[in-house]
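Next up: some structures, all given as C-alpha cells.
One chain, subunit A, appears in both complexes that follow, with subunit B as partner in the first and subunit C in the second.
Presenting the complex of A and B:
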C-alpha cells in the first residue's frame, strides 16, 4: 500500500498533465472492466433477471404476454412430460454420481499408486474423449448402439451366438435407453473426473500416511481414515460438477433419439429447448429453467451439507 | 512454513527409496486393467478415424473391421461435394479464433483491474460475477435469443462470437494469475512515465502469458465444439459452424455413414492437434476449478 501512494505522486509529475492523465490511475480500473461488464450486463445479468420475470408470464413468441403469476410453475407440477424429463435426467445424474465418479476415483488411485510408471500416458489416454464434441460422440455412438447394425450387438452376438439374448435396442427400448446414455457419459467424462481426483490425491501430504504406518494402520484403514476425509473438498467439487453437467445433457438425446422412444430419453434441457425454441412457449421455458436453478441449488446444498457438514477439524 | 517445505523434501527423498513397482504381480494386474481401459477408451475413436476411409459396404458389412480392407477417400470427396463443408470449416475457424481473442482480451483487462487496483464497487462487482457462474446456462438461452433477435444478429458471426466471450471464469482465472505479480513492477513502470494502459499491454500481458494460454486453449476448444448456441442463432446452412453442420447431416445422411464419419473426423482434428501441442495447459485449465475451488 505504501508503495502505491508514492507511485501516485510519481505519476502526477508525468509527461502530460491533461485531465485524463492526472486522473487515469483512478479511471483505469473502470476502463479495464467496462468492456467486459457492458457485455456481461447485456448477455449475462439481464438474461438472468429477464428469464425470471418471463417465467411469470404466459405467451407464445415475445410479442404477446399476459401475466400468469405462478401459473407456469403450477402447470409444471402436473406436466407429465416435464416430470418424465426430470426423472430421466435424474437417472443420468445418479449414474454420473454413483458409477462414473467412483470409477474415476478408482482410476485415479491406480494411476497415483506406485504400481504405475507411465502416469502421463494414462492421463492423456483417459482424458482424450472429453475434448471430443457432443456431436462427434453422437455420430460415433449411433453406429455402436444401433439395434441392427450396431457394433455392440454384433459383438455380443459374436461372443455368444444365438445365446437367446439380444439384439438389444440400446436406443429403441424405453427400459434401457437412459442406460445407453449413462454408458456414453462414462466413456466421455471418466477421464476428466479422474484428473479432478488426481489433483486432490496429489495434494495430500505423504506425512499422514507415514504417521499412520507408524501407528500400525493398514492400507484399507489409511484409505478410510486419511484419503477419504482429506478428499472431501474435491469430492464436493466432483459431485456438483457431475450433477450440474448431467442436467445439461442435450445434444446426445436430441440427435440420437429426439427424446424417444415415447419420451424415455427426454431430458430437462431438451424439453426446455423444445418448449422455448420449437414451440416458442417462452414463459414456460423460463419456468423450466428456473425450476432447474431451484433443483440444482437444493442438490448443491445437500452436497455441501453431506461433504463438509461433519467436518470435525 | 519453512519446516513444512523441509518435511516435504525429506518425505520426497524417502519416497524415492521405495521405487515404483510396475513389475510386481499386483503391478502387472493394475497395468493390464488400465491398458484394457485405454483400449476401450480409444476404440470408438479409432473406429471413427479408420471407418471414415472405408466404403459404405464395408462399414455396414460383416465381419466388422477396424482397419479398412479397401482404403478410400470417396467419403471425404462426397462430403466436400455435397455439403458446404469447407464453408463450415472456415466459419468455425473465424468464430473460434475471434472468440478466443475477445475472451482473452476482456478477461486479461478485467482480471488485471480486479487484481491490482482498489476501486469503488470492486468487491460488489466481483461477487456479482462469481455468483452468476453458479447459474446454469439454460437460464440464459431464451433471453439471449431475444437479444440476438432484437439486434438483428441472426445468422451473423457476431451472434456466434460475442455472447460466448463473456466468461466470468476467464476473469477469475486471469485475476489469479495477475495477483501474484509483484506490485513493484507496476510502480517501476509508472515512475518511467508509463500510462496504466501501457502497463497492462507492455508489463502485465507478457507476464501472464501462461494463464492466457490456458484460457485461450479452453476458449478455443469450447468455441470449436459448441453446438447448442449455434443451433439457436443460425438457420442458414452457409452460416453453420462445423458441429452444427455435421449434426444437420445426422438423419438425412444416416445411410451414407462414411460421409458422417469423415465430417466427424475433420471436425475433431483441429482440437486434437491443439490438445497434443498444449496438453499441459489443457490439464491445468480443466483442473483449475477442482484445485482452486476445492482447496
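Presenting the complex of A and C:
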C-alpha cells in the first residue's frame, strides 16, 4: 500500500498533488471529532451567546426587538419579584448546603463503617430518589405534604398528639413553603451526595487512621484532623454542585405551587421561565439568566477560595 | 480477505452518513406534511379527554366529507405543548396545523403577530356566529373583536349544592342574591358547624366569576387590566366578610378539598360543567344523586346576571400551516355540527356552545348524578346571559398580578379588598409598562 502511494506521488498528476490528499492525515482527527463541536456550537454555544445578546434588547419574542442597553439589568435591581425569587432560591441553597450535605456526610460515614452490613442495599435505596422523575416526586409530596391528610402532619401529630401545633399548611403557608421544598430536596438528593462523600471516604488510606490510633487519637479527633482535611476536594465539589443545583430548582415549585402563595416559593428559574415563555419577555429572561451566571460564578469562586480549591497539594 | 484502505473507508463512511442523514431528514419531514397519497395535518392537544371527542368527530367528518387529507392527533404535556407552539411559531415551521389552546395561555400568543388564523369572517360566511354561545365559544380566544379560536365547552357557571344537606338545614332554594346566600351560609354554619361555601386563595376563579357576572373581567375591551373596580372590591369584600363571620372557609388544598366536598364539610361549589360535572363526577363518584344546580345568585347592589363563564380550551388553526383551508374546514365543522358536538357530551358531559345542538333531547334529559335534574334546561336558560369577557396580550401578567397581590393577600391575610386590588392593578400596570415601553 505504501509502495502504491509512493508510485502515485511520483507521477505528479495523481491525487497526492491535491491539497486534501496531502493534508488528510492531519484533517482526519478533526473530522472525526467535528460532530460533537458542530452540535455544541449550534445547540450550546450559539444559544448561550444569542441569549447574552438578547439581554440587551426588549420586545416580545425573537422578532420584535429594540435595543435597550443595560435597561433589563437595571430593572432587575429594582424588581421585587426577582429579588424575592433570589431570596427564596438562596434559602433553598442554604438548606442544601448546611442541612442536606452534612446529612449526606453522616450517612456516608455510617455506611462506610466496618460495622454496617448490606452496604449495597443502602446505597441503592438512598440513590433511588435521584432516578425518580421530578413529576413523580411532586405527586408523592403533594400527598405527603397535604395539610389535612398528609403523612407529615399525621406523623407530627402522632409524635406529639395534642401539642397544640399544626396541622401545617406545608404548601399553603407562605412562611414555611420553602421549608417544604428543602425537605423535598433532602429526600431527593441526599443519596447522590452521600455517594460523593463515600467516594471521598474510600479514597482515604486506612494507614492514616492506624497511625493516628497508634498516636492515641480518638474517633472524633481522627475525623476532625484526618477525614475532614482529606475530604476537602470532595467538599468543594459537593458545595459547588449543591449551590448550582439549588439555583436550578424549577419543576417542583412549578408543579406544586406555581411559585405561590404570593411568590413565597418563586424560584429564579421559575421566574425566568415565566418571563421568557409565559410573558414572552425574552430579553428580560436572558438578563435574569446572566445575572444567575454572575451570581453562581461569584459563589463558586468564593467556594474555591474558602476550600483552597486551587491548592493541589 | 479483502483489505479496506483509508480512502475507501472514508468514502464509504461519507456515503453511509449521507444516507442516514437523508433518511432522517425525509423520515422527519414526510409524515408531518405529505405522505404522497394523502396529506396529513397535525393536531396538538394536551388532554386525552379533549381529543377523544375530536377523534370521533374526525371519523364522522371522514365518513361525511371523504376528505383527501388525514389528521394525526398528538398529546403533549400542558405547558410543554403551549411552549412548543410558541417556539415553532417563532421558528416558522415544525409546529402543528391545528392546536388546542387553553384560555389562560391564549393571551401570550397575541403578543406581536398573531399566529392563529382569524375565524370570524369564515363563521360569518357560514352564518354560524349567532348560532354560538359566543361568551364561551369565541370570547376567550378573541382579541380586538377578532376570534382566533373556537371552543366547544359551554362553560356556563352555576351554583352546585348538596341538596339533602341544604334541605336538612332548612336552606330554601333557589337563593337568588348573594346577600341571601351570606345569611344562609351563616345559618348553615350555626346549625351544622359546616360551611356552605369556600373561597380559594391559590386561584382567582371565585373572584373572576363574581366580577364577570357584574360585567367586569380581568381585562377591558382594550386589553388593559381592570382589577381595581367597584365590582371587584364588592366581590372580594364579600368573600372576606363571609370568611370572617364563619359562613365560608378558605379552600383546602389538594385532596383535602375533595374530602371536604365528599363529607359535606363544604356543601356547594360555583363553577362551570367541567367543574360541577367533570371534576366532581371524576373525583367524588360516591356523591351521585346528592347534587342539585341553580343559577348563580346575583348582586343586589349592581347590575348583574345569574351566570358567568370560566375557563375552557379552544381549537385554533395556525397561520404556519400548509393546509389552512383543510384545517379550518374541519375545526369549524366539528364545532357547528350537532352530531359531532354530541360526542363531547356523551364522552364527558360537556354541553356544547353550538345552540342548535340543544334540540337534541339528550342534552336536556334528566341526569341521575344530579338527582335527575334537567341540568341542560337550566344551562340553556341562563347561557344567553353569559357576559362578554376580554382577552389580550397581557392576560397572563394581569391574572398573575391579581392572584399574587390581590386575591391571596386578601383571602389569606385579610388585607382590605380595596388595598389589595389597588396593589394588584398597580403591579399589573407596572409590568405592562416595562414590557411595552
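Quick notes on this one:
We adopt the following convention: the second predicted complex is superposed on the first by the 273 of 313 C-alpha atoms of A that agree within 3 Å, B and C clash if a C-alpha of one lies under 4 Å from a C-alpha of the other, contacts with A are read in each partner's own complex, and residues count from 1 in each chain.
Here is the rule we go by: a residue touches a chain if its C-beta (ideal position, glycine included) is under 8 Å from a C-beta of that chain, and two chains touch if they have at least 3 such contacts.
Quick caveat: nothing in here was measured; it's all calculated off a predicted structure.
In this overlay on subunit A, subunit B clashes with subunit C. Of the two partner chains placed around the shared chain by superposition, subunit C is the only one that A:279 touches, whereas subunit B remains out of contact. In the superposition on chain A, no contact is made by A:287 with either subunit B or subunit C. Looking at the shared chain after the overlay, A:178 reaches neither subunit B nor subunit C. When the two structures are aligned on the shared chain, A:249 is found in touch with neither subunit B nor subunit C.
Using the contact criterion defined above for the overlaid structures, shared-chain residue A:149 touches subunit B and also reaches subunit C. In the superposed model, more residues of subunit A are touched by B than by the other of subunit B and subunit C. Within the superposed three-chain model, A:37 lies in touch with subunit B and out of touch with subunit C [touch as defined at top]. When both complexes are overlaid on chain A, the residue A:260 reaches subunit C alone and has no touch with subunit B.
When the two complexes are overlaid on their common chain A, residue A:60 makes contact with subunit C while staying clear of subunit B. Look at A:299: by the touch rule set out above, it reaches neither subunit B nor subunit C. Within subunit A, the residues touching subunit B in one complex and subunit C in the other are 24, 28, 62, 142-143, 149, 277. Of all residues in subunit A, those touching subunit C in their complex are 1, 24, 28, 58-64, 75, 142-143, 146-149, 169, 171-172, 174, 254, 257, 260-263, 274, 277-281, 284.
By the touch criterion given at the top, residues 7-8, 11-12, 14-15, 18-22, 24, 26-27, 30-31, 33-34, 37-38, 41-42, 44-45, 47-48, 51, 59-60, 62, 64, 105-107, 109-110, 112-114, 117, 119, 122, 125, 128-129, 132, 134-147, 149, 162-163, 165-166, 168, 171, 183-184, 186-187, 190-191, 193, 195-197, 200, 221, 224-228, 232, 243-244, 246-247, 250, 254, 257, 260-261, 263-264, 267-268, 271-272, 275, 279, 282-283, 286-287, 289-291, 293-295 of subunit B touch subunit A in their complex. Residues of subunit A touching subunit B in their complex: 3-4, 6-7, 10-11, 14-15, 21, 24-26, 28-33, 35-37, 39-40, 42-48, 50-51, 54, 62, 107, 110-111, 113-117, 122-136, 138-144, 149, 151, 154-155, 187, 191-192, 195-196, 198-200, 203, 205-207, 210, 233-234, 236-238, 241, 244, 247-248, 250-251, 255, 268-269, 272-273, 276-277, 282, 285-286, 288-290, 292-293, 296, 300. Interface residues of subunit C facing subunit A in the complex, by the touch rule stated above, are 3, 5-6, 10, 79, 83, 86, 90, 108, 111-113, 201-202, 252-256, 259, 393, 396-397, 400, 403-405, 408-409, 412, 431, 434-435, 437.
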